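Note that chain A is present in both complexes that follow, paired respectively with chain B and with chain C.
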Partner chain A sequence: MESSNRKIGIREYMAIAFLTVGTKLSDDTPTLLVSETLTAGWIAALLTGIISIVPVLLMIKVLSVHKGKNFYEVLIFLFGKLIGNLIAMVLLLIAFSALIIDSAIYTDIIDTMYFTTTPAIVIYGVLMLVCTFGAKKGLEQIGSVAWLLLFYIKITLFIVLLYAWQGGRPSFIFPLWGGGKGQIIKAGITKVSLFADFLYFGMIAPLVTSFKSFKKGTWIALAVVTIELTAAVMAYTILLDYTTLRLINYPFHEAIRNINIGFLTNVEMLFFPFWLLATFIRFSFYLYIVTMLFGFIFKIKQFSYVLPVVATLVVFIGIAPEAPTFTIFQLRETLLTIVSPVYIGVPCLMWITSKIKGGTENEKKMEKN
Partner chain B sequence: MKKRWRKIKLLLVSVTLLLAGCWDQRELEERAYVIAIGLEKAGDKEEDKGQVKVTYLIANPEVGTQASGGASDEPPQETLTIPASDFINSRNIANVVIGKEISYDLLRTILVSEELARDQHFLRLIYNANKDREVKRSTQLIISKESASEYFKNNKPTLETRPHKFYELMLQRGIETGLIPNSEIRSFFRITEADASLFTAAYTSSEQKPDYENRDDEFIAGELPVSGEINKTQFIGSAVFKEGQMIGKLTGEETRLTGLLRLEQDVTDILTTLPDPGDGKYRISVRINKYKKNKVDMDLKSFPPKINVVVPMRIEVLSDPSLTNYGGSEKQRNKLRNFFTKKFEEKFNGLVQKSQDEFKGDLFGWSIYARKKFKTIKEYNDFNWMESFPKAEIDIKADISFGEFGRQPRVPKMYEVKD
Partner chain C sequence: MFKKLKKIFVSNEKKQEEPNPNNSKEKELKESSIKRQVDANISLLKEIYNVPENLDVKFRNVTVGGSSQKCCLIFISTISNVPMLEDNVIKPLVNNKEQQKRVPHILTVSNIRYAADFKTALLEINRGNAILIADGEDTAFIIESANFKSRGIEQVQNEVIVKGPKEAFTESAGTNISLLRKRLKNENMVVESVKISERSGNEVAMLYVKNLANEQLIGKVRNRLQSLSADAIQNLPLLEQYLEDRKISLFPTILYTERPDRAASFIEDGHIVLVMDNSPDSLIMPATFWSFFHTPEEHYLRFPFGNFTRALRITALFISIFASAIYVAITNYHSEMIPADLLLAIASTRERVPFPIIVEILMMEMAFELIREAGLRVPSPIGPTIGIVGALILGQAAVEANIISPVVIIVVALGGLTSFAVSDISLNFTVRLTRFLFILASGAFGIYGMTAFFIVGIFYMVSISSFGVPYLSPMSPKYKSSNDTIFRRLLENEKFRPGYLKPKDIKKKGNEA
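== the complex of A and B ==
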């Protein structure tokens, strides 16, 4: 993986994007969106996707001027060593916290919904072990595995959503504005960082075969993931109604527990492995990004050696909180709210600086793209 | 050497990973599969307030399988009743007499005695079903007239001896015929949490107190005089819940009418009788099929709120006891249609009246429909459906069209036969 020279294609890139962001609909994200907006959670989900267009657009514009450079290198170029590294440090901190909190949530899901007697630390340990292995293999491998599994994961997801749609009652999404328009806008803005992953995709921009593929892949991924999340929140609302939905943490797993295929009951174990695979890919990628950023900031060329240390740290910090179902839920909500301005702000700042610094020449380049 | 080390390392890692999956492993024979849980009050004494008696109906997985050749010396089921605080800790208490781990994986039915369902502590107790990881939200909540332990003792199916199949079939068929409502526990929680409509649960009894006054489906469980060599457990009628507490009962007929008035189309096969307009002595057998959704119109701005419902029904006339040949002429058909329409509207409006006056709540789940009329949840909550519904002016219309008139469309005239 040592800043591997081999590149990934648009398919692999999109598969990674689909799985890292798309998997969020299967954790507590829907509950976060619904808690204040009530029946209108899906509008909030749609809104976060629409707002995300701004930072993603600006990021692509800036990166397009500096083709061949990744996000970090552009940061250094634009802001100089000191401020550039400072911003990168903030981004690293955010990515690391997100990695810890999200992996802790997934451990909690597995622990509370599936393997109830296995100690959390064992689940956590195994999860991170697999993901470290995946991350160590490098981006190329993560990409091909993601592409390989994408179809199966999305098919099972589609079945679950289809079931939820037909098993529920469409009238449950009324009243249309739910908790009120103000709440929807508030949720849409504070939770926009759900899509903050797209900022980190900038780190691997030069590793995608061409910048055109990167650009195209990002837009397709953003559109698909937004639609997916919106449809999922809608489906959960239709299946469970907002009264129940806001009380439960992991609606996806509640939904699959309700599915009967003909005479087959208890089929949740049919869907679980696919979800698990998506989880592995997601955290492999997160680990990869975190160590990559770490490596760039601290000038470690062989950053794959840092992986085990990072993974171990994640396990020990992630396992610490008491009553994870509640604590981590709150932590995640706080983190999302804090990250949102960063997610919107950093690309804006970069774009403005790039305009000032690059002058007319850069501007022309930007226009072209 | 280096290569061998790599192999050994790989082996160790994969073994660790694979074996970690065995942590929750349990052998089939180490688990006792509970098919139904029965809950009843422990007693009336003050110190018994929080206590319940939990009854487990445990299936014998060997019965009816190919492996045992369909015959086993062991009985198909066993029951045990223990006092406990709830049905979560009772799992361990049960291990005093059962050497296996109690599993709720195959739990399909939670049976609650009427006495406990009417208790105000019931809601606290039943919320454990959401806390337990193995209890599914699709579990059926049914209410028994007698105590749960009594019920399981009396209930001895003769042909369908495997208990999971018995409950599955009884409930499934009951829902199809509309004699009992579909009472999944998730609807119970949803309706209770929304606090707008009333929940109905299937009603059952294993004791017979025949009531010879009633006809057809006008019974409630336990009242139908059944004879013959058959299990005497009956599933008919429903228990009405308001705010998580049982407040009343509906007969089989009322349950069917409720099913017709609700928005969803659960009921698919209603066979019933209606008086014959040609001759009051006789009753006509009909099959009722609600072929599309009800049309509900609401005016919630006015006071009192106005609700108009049209129930589309397709009726197949299956008998002709007065030998009138209703299908034969337009005139007769219209006569029958008007008669049926009047009858149904009478019954529907009577039930709505009962729902408004006796239960002071909405039996029909129309609150979901009412939600469309509001922009935000706040407006809807301020309207307070539970309070407003009993004051509403409700009018129900039956829209009847005829389907088949039996296999043989015409019957001979009475005088032709007698002559």
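== the complex of A and C ==
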């Protein structure tokens, strides 16, 4: 892995961000957003993105003071070894559970929507095998692949959304406030952890060519992904109406089933490969981040050797729940609610500590001078 | 297990390397320096060259007219220009009248070099040059007289294009370098010679533009060439395999071309080109995926036509890789995708075929590859017959015998024919082999398997590099360049040399060189 020492450019970084967070609009996230807010799911999506500005801004502020250090190193620097590692452990646990739950959902999507007769464990196994291969190649390669395929993945997504927009009834998004403003705010806050990935992008901050491009990339990604998610939830509401949307788990896949192009009546298989590509890249990156964090906490320099173990664990834990369509949906909702305060809290805590510590350090510098 | 095998092999090699007493004696002789007595030198050389058993090594004794100094001209008559030696060496020596003149001043050849020891002298004789030794001189005079036989410059055979130059490289390195110099009239172009094999003394010429090519890259290539330790490397296709980083990879990392215009344009961009005797071609390094995908014609054709060709080729590439695999995937796993009428049509043709689809496709693909390979080896007079038998009769009969359904023939023939649009021979093999892998992947998991395999392939492609240059650059990782990847740009807009080479001068216009 000699080449993995090289840094990734802003394009690659943004492509990773688009695909890891952006792909969420194609799983059960829209359903989660709509379940309480009814027709106003898209406002909740927009709200989560807006609330996310706070933790992302604070994280960037803290990282900008410690350029060249990644998120973990900053944690250790700010909170000391014990508490820093403890927080990192919590983050690792969250990332690991998210990886398990999300990959189980995607396996379930493939299994229930496309390959109904193939055993789930085989699908899961292939998924993680491919992702281990990708993660093993290193961040630079994940970034390059993401950038190479980003355009095609987003084009197909755009076509789907466009179809949903013109195939549905715009009046379905009314009443505008859906389940009520209180519900929207509640959903916006509890589901804000949809964007928790941005916290983990801090881990790769020093691997992006310059801090400036990291900062720029993060903001662009946050903006684009928020708009994407909002537009998607809106499109699903328009196409399926909120009552149906609350009942089905994977609206994206239902939407592409509704598309027919001319004489081709079932074209979901044209969109499925592109969605799969995004899925593979997404979990390759998650796997990479989880093992990277694991490697930092337990001082394993060659952390790529841990990848197969982590991937195997993911498959065996992820395959365990019976009736995954329902169990994992519940699990994910719970996880998101638990993670939300962590997502907002950790950067705040870091920022405050940084302010206090940074102050004293500046004073030290002043004394020296 | 592997370690044990390796041990066995290594120990065998060691045994073979035990020094042979004869060899060491010969080595000692070769190391010695040239003596002042002509006779001693002659007898030594005769011993080394096995004269008189060795027929074409000639020793011509001459006594210089005027001074009656004894000389001897040694050369190999089959690879030297004998009339030239007669006119410019032997005649002036014999006809000389002046007593005081030294031998090199008498000769009327264009260039004389000196050799102090036998090792150098032998090397020069083996290269076709003549050696003149004279009484009282402790150096031998090297007279350039090499004249190896080879064919003339002919038309390009494999990389055929319609518009543009038609000259091809030949088996003579000198001719090839001259073809390149004809295109690059630049004092900064360096032709560096590196010896790459011990016993046969093969040499390779390394060509680059001194004030363009990156020093590190030149050093890297030179080191790689010098570190080779083979007895003989006959030609460039063999050398290519010695130089590659990943020898069993499906993807080629060194570009092989028989077109001097193509090689010249790569040198202009800061690449390094290798040229060698016995090879009607050149090696270009580093090479990216795009250099295999391109042909020079796309730049010779006008902008829209060139890009139309590129669009055709990328389509052909995808059809060739995916056509059969998609057919297997759709008919096996996703039959709901096919419109009902077409599905019925396919089903009715398959009604009496006894094999599963994947077996049918694999059988037909194998047949296609076999016909293709056989067609390549068939002597040209009976070639067309084989083509007709193979393509028409075999296919027709297979359909009528209900072994293959007609749709499969269409799919396989389409995939097979489109693969010819990929003109680079290495990439062509890559495409043909990955096609089989995709068929197996889609047979196992349908579109899911194909996509999984596809992304594994992309991950792999992104991770390989050719002499430190990422395979898919400048697309990703991004470098400053003319962005000549899938499509080309207007010539005026192709302003930059590829940044991944780190050339000394990245801008193409308004600069010298």
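One rule holds for everything that comes next: the second predicted complex is superposed on the first by the 355 of 369 C-alpha atoms of A that agree within 3 Å, B and C clash if a C-alpha of one lies under 4 Å from a C-alpha of the other, contacts with A are read in each partner's own complex, and residues count from 1 in each chain.
Heads up, the rule we're going with is that a contact is a pair of C-beta atoms (placed from the backbone, for glycine too) under 8 Å apart; a residue touches a chain by one contact, two chains touch by 3 or more.
Only a predicted model underlies this, so the values are computations on that prediction, with no experimental measurement involved.
Student: With the two complexes superposed on chain A, say which partner A:266 touches: chain B (first), chain C (second), both, or neither.
Tutor: In the superposition, A:266 contacts both chain B and chain C.
Student: Taking the superposition as given, does A:130 touch the first partner, chain B, the second, chain C, both, or neither?
Tutor: After superposition on chain A, A:130 lies in contact with both partners, chain B and chain C.
Student: In the superposed arrangement, which partner chain does A:241 touch: chain B (first), chain C (second), both, or neither?
Tutor: First partner only.
Student: In the superposed arrangement, which partner chain does A:338 touch: chain B (first), chain C (second), both, or neither?
Tutor: Neither chain B nor chain C is touched by A:338.
Student: Based on the superposed arrangement, let me know which partner A:54 touches: chain B (first), chain C (second), both, or neither?
Tutor: A:54: touches no partner chain.
Student: Looking at A:121 after the superposition, I want to know if it touches chain B, chain C, both of them or none. Which is it: first, second, both, neither?
Tutor: It touches nothing on chain B or chain C.
Student: According to the stated criteria, A:306 is in contact with first (chain B), second (chain C), both, or neither; which is it?
Tutor: neither
Student: For A:348, is the partner it touches chain B (first), chain C (second), both, or none of the two (neither)?
Tutor: In the superposition, A:348 contacts neither chain B nor chain C.
Student: Between chain B and chain C, whom does A:112 touch in the aligned arrangement: first, second, both, or neither?
Tutor: In the superposition, A:112 touches chain B alone.
Student: Where on chain A do the contacts from chain B and from chain C line up?
Tutor: 114-115, 118, 123, 126, 129-130, 266.
Student: For chain A, which residues count as touching chain B in their complex?
Tutor: Within the complex, chain A touches chain B at residues 38-39, 112-119, 122-123, 126, 129-130, 169, 171-172, 174-180, 240-244, 247, 254, 257-258, 260, 266.
Student: Touching residues of chain B toward chain A in the complex: what are they?
Tutor: 13, 16-17, 20, 23-24, 105-106, 130, 133, 136-138, 186, 189-190, 193-194, 263-264, 368-369, 371-372, 374-380
Student: Considering the complex alone, what residue numbers of chain A touch chain C?
Tutor: Spelled out, the residues of chain A in touch with chain C are 3, 6, 8-9, 11-12, 110, 114-115, 118, 123, 126-127, 129-130, 133-134, 137-138, 140-145, 147-149, 263-269, 272-273, 276-277, 280-281, 284.
Student: So in the complex, the part of chain C that touches chain A is made up of which residues?
Tutor: 330, 333-334, 336-337, 339, 445-452, 454-456, 458-460, 462-463, 465, 470, 472, 475-478
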